[in-house]
Each structure stands twice: as C-alpha cells, then as structure tokens.
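The structure follows.
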Amino acid sequence: MRPSLRRRVHEIVEVGGDNDRTSRLFDVALITLIFLNVTALVLETVHSLYVQAPVAFDVFEASSVMVFTLEYAFRIWSCVEDPRYAHPVWGRLRFAMTPMAFVDLIAILPFYLIFLGADLRFARSFRLLRLLRVAKLTRYVEALESIKRALASRSGELVITIAVIGLLLVGAAGMMFFVEHKAQPEAFSSIPAAMWWAVATLTTVGYGDVYPVTAWGRLLGAVIAILGVGLVALPAGIISGAFLEELQQKRRAERRSTSPPEAVCPHCGERLDRAPEDP
Amino acid sequence: MRPSLRRRVHEIVEVGGDNDRTSRLFDVALITLIFLNVTALVLETVHSLYVQAPVAFDVFEASSVMVFTLEYAFRIWSCVEDPRYAHPVWGRLRFAMTPMAFVDLIAILPFYLIFLGADLRFARSFRLLRLLRVAKLTRYVEALESIKRALASRSGELVITIAVIGLLLVGAAGMMFFVEHKAQPEAFSSIPAAMWWAVATLTTVGYGDVYPVTAWGRLLGAVIAILGVGLVALPAGIISGAFLEELQQKRRAERRSTSPPEAVCPHCGERLDRAPEDP
Amino acid sequence: MRPSLRRRVHEIVEVGGDNDRTSRLFDVALITLIFLNVTALVLETVHSLYVQAPVAFDVFEASSVMVFTLEYAFRIWSCVEDPRYAHPVWGRLRFAMTPMAFVDLIAILPFYLIFLGADLRFARSFRLLRLLRVAKLTRYVEALESIKRALASRSGELVITIAVIGLLLVGAAGMMFFVEHKAQPEAFSSIPAAMWWAVATLTTVGYGDVYPVTAWGRLLGAVIAILGVGLVALPAGIISGAFLEELQQKRRAERRSTSPPEAVCPHCGERLDRAPEDP
Amino acid sequence: MRPSLRRRVHEIVEVGGDNDRTSRLFDVALITLIFLNVTALVLETVHSLYVQAPVAFDVFEASSVMVFTLEYAFRIWSCVEDPRYAHPVWGRLRFAMTPMAFVDLIAILPFYLIFLGADLRFARSFRLLRLLRVAKLTRYVEALESIKRALASRSGELVITIAVIGLLLVGAAGMMFFVEHKAQPEAFSSIPAAMWWAVATLTTVGYGDVYPVTAWGRLLGAVIAILGVGLVALPAGIISGAFLEELQQKRRAERRSTSPPEAVCPHCGERLDRAPEDP
C-alpha cells in the first residue's frame, strides 16, 4: 500500500489535476499560510507591534516553519513518483536542486540555523523568499497566462529596450559625471554615483536627492529627462502591440474553426480547399 | 390619486426615461447643487475665505442639506413603486441599505448629529461623500460607457497587474528594509515604512522624502525603479488593447447589421455561401 | 488697381495657396521672426545676458514690433477681401475680434502702452503670446493633422478622462486634507492646498515638497499614487487605439478604391452591388 | 599577395559576411574589449577603487588603446578595398572623415595627447565615446530592426511630438517665470531657469528642487503637470500604433506570398474574381 500512498501525496503536493479537490485545498491552505506568514513578517518589523505580542509572533513563525518543513519533507519523499526524479537518491537530490525546491529549503533552513548561533535578522531576511512560492498560484489564473504570452512574444524587443536603457544609463551617467563633478564633487563623485541620478531621471522617478546645478548639466539633464519619457513610452507601445496581436490570433483561430465551407469556385462549384484530380 | 403622484415622483427622482424632461431637469439641478456644495466645502477649508463670510457658507450648507434631505425622503417614500422594493416597510428598508441610498444618508446625517454634540470636522469630512453621487451623471455620458466596457473586458488582466504590483511592493519593501535598515533606521524603520518608499518608486512618483543611500540599496532601488517603468507600461498596453478590441467588435457588429442581404444574391435569391448545384 | 493690390496682400498674409511662393516666403519669414523674437525674450530674462547688450535687445524688440504692427495693419486692411468680413467697418471689426487677430493685437499693444507709462514687465509677459502664432505652421505639417484627427476621434473619452482626473483630484485632496491636516497644518492647510499634493501625486510628478507623514495618510497616498499610474495609462491607451483606428480606416478606404469587382454571385453571375431589375 | 591580405583584413574589420566566422569572432572580441574598457572607466571614477590598483587600471587602458589603435590603423589601411574609398590618399581621408571612423579616432587620440601635456580628465571623458561603437552590434540583433522600423514609420508624428514638447516648454517656462519670479527670484531667475522646472514637470520627473509656491503658480503648475501626463501618453500611443502597423504589414506580406493560387480555381482554372459567363 505504501507506493500508492506516496503517489497520492505526490499528486496532492505537486501535480494536482483540475478535479483533484484535495490537491486544490492543499494549495489554497498553503498559500494562505504563506500570505499570513509574510504578513506576520511585515508586521513584525514594526517594533511597536512586535513588542505587544512577541511570543505570538514567534510561535506563529515556529509553527509555520514546522508546516513548511513537513511539506518540504513530503515533497522530497514523494518526488520519486515523477519519472524525471525516479532514482531514490540521485533523483531526490536533483529534485532538491530545482529552483523552486531550493528556494523552499532556503526559506526554512535559516530558522534552524538560529539554534546553531545564526543571526536572527539573517534568518528573517530569508523568510521573504517564501513570497516566491506564490508563483504556484499562476496555474489557477488564466489572465496571467495571456500577460505572460504577450510579454514572451515580444521578449526580443523588451530585452533590446532594457539593453538600450542600460547603454543610456551608462552614457548619461558618464556625461553627467564629467559635466557636474567639479560643481558637485559629493553628489557626482563617480560614474556609478551619477548612475543613481541617471536611473531616477530616465525612469522619471526623480527623487530629487541628486540633480544637476550647472547650466550645461541642466541642459544635459533636460535632454535625458525627455529621452526618459520615450523610454517609458517604448515598452508601453511594445506591450500593447503584443496584447493586440495575441487577440487577433485568437480571433483568427476562431474564425477558421467555425466557417470552413465558404470557399467555393463560382465557375465550377468545386470546393477550393480540395486538390484537383489528375486529368 | 396618491399612487400616481408617488409613481411620478419615483420617475423623477430615480428612473428618468430619455424623454422625461422633468426628470432630466431634476438630475441637472441636483448635480449642480452637489457641485456647488462640494465647491463650497473646498473653499470653506481655506480659512481666509471662510472668515470673510462664515454665515453665507453655513446657510448654504444648511439649505443644501435641507434639499438633500427632502430628496432622500422622496426617494424612500417612492421607492415602493419599484417592484424590487414593493413592501412598504421591508422594501423601503432594503432600499435604504443599497450602497447609493446609504451613501446619501451618510452624507446628510452628520449635519444633524452636530446638534447632538458631534464634532464639526467629523461632519464636514462626510460631506465629501456627496461627490460619489456624481456617478448618477454616467447614464448621460456615452464615452464613459466605452471606457467602462474596455476596462471591464480586461478586468482579469488589470486585477493581475494590481496583484503583481502588490507582490512587488511587499518584495521590494522587504528587501530594501533588510538592506537599508542599518544605514537609515529612521526612514526604513520597518517593512511597512519601506513600502512607502516602494510605492513612490514603483509608481515613479518619487517624492524624495525617503531613498536608499547605501551602494547595495541604490542598486536594488535602481532595479525596482526600472521595473516601475514596466508597471506603468503594462496597464497602458492592456487598456489600449482593450479599446481597440471594443472598437473592432463594434465595427463587426455594424457590418453584420448593415449588410445582411450579402448572404443572399439579390438576382437569383440563392444563398451565397452554398455551392451552386451541378448544371 | 487698388482692389487687386489689396487682394494680393490678402492672399499673401492670409490664405496662401499651395503654389503661392510669395505667401509661403512671407509665412516662413514671419515665423522665423517670431522664433527669433521669442528667443530674444527668453535670453533677455537672463540678467547677465541682457546687461551685455541692452540696446541690441531693445532695438530688436522695437523693430520686431514694427514689423508685427505693419503685418497687423495689412491684415486688417485686406481682410475685407474675405466674403465673411466684406463690410469695410463692421467686417474689419469682426475680423479684429477673431481669436487669432485679437492675440496678434494683444502681443503688440503693450509695447505702445509703455510710452503711456505701462510697466515694462507687463509688456514683456504679453510678448509670450506671439508663440501662439506658430499655430500658422500647422497647415504645412501633415503629421500634425493625423495627430489632431486621432485626438479628435477620441475627444469624448479624453474629456471623460480629464473629468475623472478632476473628480479624483478633489476627492483625493479632500480625503488627504481630513487625514493629514492635524499632523501638517501648514502643508495641508486647506483642500485647495491638498490639491497641489494630489496633482503632484496623480500625475506621478512627485516634487516632494508636500507628502503625507501619518500612517493613514501614507496608506491613502499609496492608493492614490497607484491610481495615478492608471491615469497615465488611460490616455495612453485611448490615444494609441485612436491612432490605430485611423490607420485601419485609411487602409480600408484604399482597399475599397482598388478592388471593387470582387462581389459576384456564384449562382447567377450578376454583380452583387447592382440592384436586381423589377420582375 | 599583399592586396589579397588587405582584402581579408578589410572583410574582417568591416564587412563581415554572415558565415565569416573570423569576422564575427573579431566583432565579439572587440565589443567585449569595449565593454570591459567602459566598465574600467566607470569603476576608475570611484576613487576608493582606483587607488587600490591604479597601475592595473592604467595598464589596461594603455593596452586597450593599443588594440584600438591597431584596429584603427587596419581599417584605414584596408578601407581602399571599398570602391567608395578606393583612392589611396583621398579615399582614406574621406573614410577617416566618416562619423564612425571619426569617433574611433577621437576615442583614442586623447590618450596620446596626454604625453603632449593634455589634461587626464579631458582624455578620460572622450573614452565614453567608445560606447558609440556598440552600434556595430545592431547588425546581429533582429528585434532592434523592428523597433527602428516602427519608430521610423512614425518619425513625422514623433518629431511633431518633440516640437510640441519644445513649444510647451518655452510657453510653460515663460508663463511660470512671469508668475513666480517675484516670489522666488532665485529659483525662477529667468525663463531658461524656469525651463528647468518645466522639463522636470512635463516629463513627470519632478526632482523637487524648484516648484511654484504662489497660488497662481501652483494652478499653472497643476495644469502643466496634467498636460505632462498627456505628453507621456502621446508618444506611447504613437509607438504602439506603429508596432501594430508593422506587424499587420508583415502578416499581409506573408499571406500574399503563401496563398497566391487563391485567385485561380484549381479545378477549372478560371480567375475567381471574374464573373462566370452565362451558361
């Protein structure tokens, strides 16, 4: 009976068919726990909140980690049901090395390292990684799929846009450094420092902690700010084009499947999509 | 004669057919009053303006509330004409619990509570709710309908975008908290505090009251600012796609409704999508 | 000979056919002078530049005004050639009251008022109005037409967007005023003052001179900043849809004019766009 | 044998056919060196990094320049293989005057001028120009081509947008100068100074170093900030329309090339757009 139990556990923690209610429930429960856990982490950092109930926060974290540890154990144990990780030792090791499994380990490991003298803060910062597990939700959300497809269909253009942003950042920061360094040796102390200004300007964030003060610096800054508007416009244009393209493809596919017999030759009446017989 | 008067009142304050001039006039008058009332509220908060004519402001508010109270009473009285709220007691109660009726009550109630010792400021802040009643205008504005339809057709993608923004906010704030907390224990005192920075950055608002100062913090901040550009681009792309889709659907509907006889030949009466029989 | 000279002057200063080289030359010369004049105005305000050659600036302004005055006189004199302003007195008066003619008068009048004791600064500020005359250029620029058509085709949606922005501004400012007034009585002294914050936030400009500091204020500010992203996205989506629509209409018009004889009934062979004869 | 060697060198450093592996390798090596060199330049400006290994930085720069000089010499020497620059003296001179060759010279020349007493900083700032050579990469990137075509197809609209931005900048700065100059004679000292504010506002960067403080100034600033949102939306709309148009043209071209026999019936050979003759 053991292998069949393992298969069932595997189905619940990993694959989860559409009609498998237990698997869905498990997903919902786990994701709820992740959300609660991250919320607790967020609130815990507010000192005035933490001191009101330090034990409650700590107990909740400890019990969450226990659940996550159990789940991790179940997944490692049952992963051999997947043909890709069938080998009891190497298969499990390779499964543990997949990004999602590795993230899960890293998200719980620091908790145990505290007992070995690790820094509490260090452990806490890794708890944020649990947010990555929300990615599991994606299989329930169809709209996310269409966004992902649209972005994927234009990945080339988007990568180029990022590369152009990168070049512009270096170029803008370099120029600004040479123009403003003398007037503001602190704010524009180096090209990497100037890149902080360039990012704030090209993305139109504009914190205002650093900005050019010389006439030439402001002229250069103005040109780069206007280029920044274009940089916001470019990905917007690319993405909206991608969304529309996907839409039209879907509609064309629909049209093809619903109205095939339209094509008939008006002269001989034969259907045009059939090959002519040999004479 | 009473029911027929009640029906007429109901028509005027609620339904309002397209050719019902009295109902339209009532709407216009009421919305004008709402606008004037909100304008008065806005100007009243400018102390130098208020002290010039405190009585005028107070009298105007009191008379507005009287009109709004009368209108509210008329609506409660006549709502039983609507089959959904036909019962004289329970129907009226259920009507009073609908969002729009509830808002109307809340917008006038505080005025009366002042006489019972309520805080004036408390009463004033609820007057803003009257702005919500401008929603009544929507039925006269066709362009608003097309915007609403376009947004509704992509509500899935837009909700996802908001969810992704939410996750990014928590993730960015969490990471920035762990990176910058030591250098700026005041500005990045907790993850919720860091979220204030994250919102300002991801939306490219960039107030500049909080910003990273360490090298790692700036690197992280730069990456998040560039992601922010994408976050501005994503909804723009989604919405423009939606607008275009709606447009194309409208045109297809027009084509179908204006050219139905295309499917039949006006000369021989045969359907054009059927193959001609063998001669 | 006088009327024919007046007609020629009218053609040169107003209508300007496509092949009328003199009229074009006149336009180019005048617009060049306007650009130079505005440039001079811009540079003049830099005190260190003005003191270097005050006479040159003043003489250039005086001679520009002379040319603009002459042009204005020619336009008033010759406008009676236009049938709409044919009456020698009333026609000319009505012409002088058209927006463009009125702007031209206002742009030169202050110069003469200085001799009557008017403030120099007052006169200078009106010189900016000359920029409006660049609008004359539009008839040479075809791309501007397509932008204008695209914007006009969606004017309804764009007006709605502006109205929604207006409502959001008032609502956001009102709420923020009630939330932040106590903590920052200076920055959020009144709702109009809070609107300055709301504009900076909703447009994602974010100067950072005013921002919420209380927890509730920041939560509200965060929600409004995220709505601001949508407000940037909405007009972008509307406009891109409009551009695409215009494009498709142009293409459909092309297709119609090039391939008319496609519609033939396959059963009887008659053209489908011809009416069937009476039986 | 000399000319054939020169031709090979020319192929490697300039033309580079798709299957010419040596030429590709040369491109990759050179661009890697350019990236490393620019990275070194960026890091060099961080004083704390430079002082750790000044010799390493200087030696790397010297050897890079040596490689760039050699490459420049090879390109000048072999350029006569190109029919356009065939003349041994004038052809080479004209080649040296082409923008890309000129930039290459300027990027290495300052290094040698240091020995003649030139300023080190002066030499360094010209090293940034090497980034321009990354443009060579473009021929390997297809997605860049589609971005360039999309932008080129709407160059008219984009130029207009930039011109409108320019006019708005001058107009906004001029008005703000006259409104705010008295209240803030430092920040709004002249129209060019006010343009710095106008750029930050219209691009929605909003540094917050300059902003209006008077009531009229804030009203004007609010209007201009809202116009700025439109200015961000306009190019986004134009670009997304362009991307979609390009996509549709590509698809139509595909359809035409894959389905040409549609115009003729494969059974009877009659053209399908001609009416069948009477039986």
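First chain written, first letter: the chains are A, B, C and D, and each begins at residue 1.
Here is the rule we use: a residue touches a chain if its C-beta (ideal position, glycine included) is under 8 Å from a C-beta of that chain, and two chains touch if they have at least 3 such contacts.
No experiment lies behind these values; they were computed from the predicted model shown.
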Chain located farthest away, centre of subunit A as origin (C-alpha): C
Degree value of the rotation bringing subunit A onto subunit D, based on Cα positions, nearest 5: 90
Chain pair showing more contacts of the two, A-C and A-B: A-B
Whole-Å gap separating subunit A and subunit D, where each centre is the average of the chain's CA atoms: 30
Chain centre separation in whole Å, for subunit C relative to subunit A (CA means): 43
Distance from the mean Cα position of subunit B to that of subunit A, given in whole angstrom: 30
Overlap residues in subunit B, where contacts from two or more other chains coincide: 192, 200, 204-208, 232-233, 236-241, 244, 275-276
Residue numbers on subunit A that touch subunit B, as the complex places them: 38, 41-43, 45-47, 121, 124-125, 128, 131, 134, 141-144, 146-147, 150, 162, 165, 192, 195-196, 199-200, 203-209, 231-232, 235-244, 247, 261-262, 264, 266, 269-271
Residue ranges of subunit C touching subunit B (in the complex, touch as defined): 156-157, 159-161, 167, 170-171, 173-175, 177-178, 189-193, 200-201, 204-208, 211, 215, 218, 221-222, 225-226, 228-230, 232-234, 236-241, 244-245, 263, 265-268, 270, 272, 275-276
Subunit C - residues contacting subunit A, complex: 204-208, 233, 236-237, 240, 244, 264-266, 269
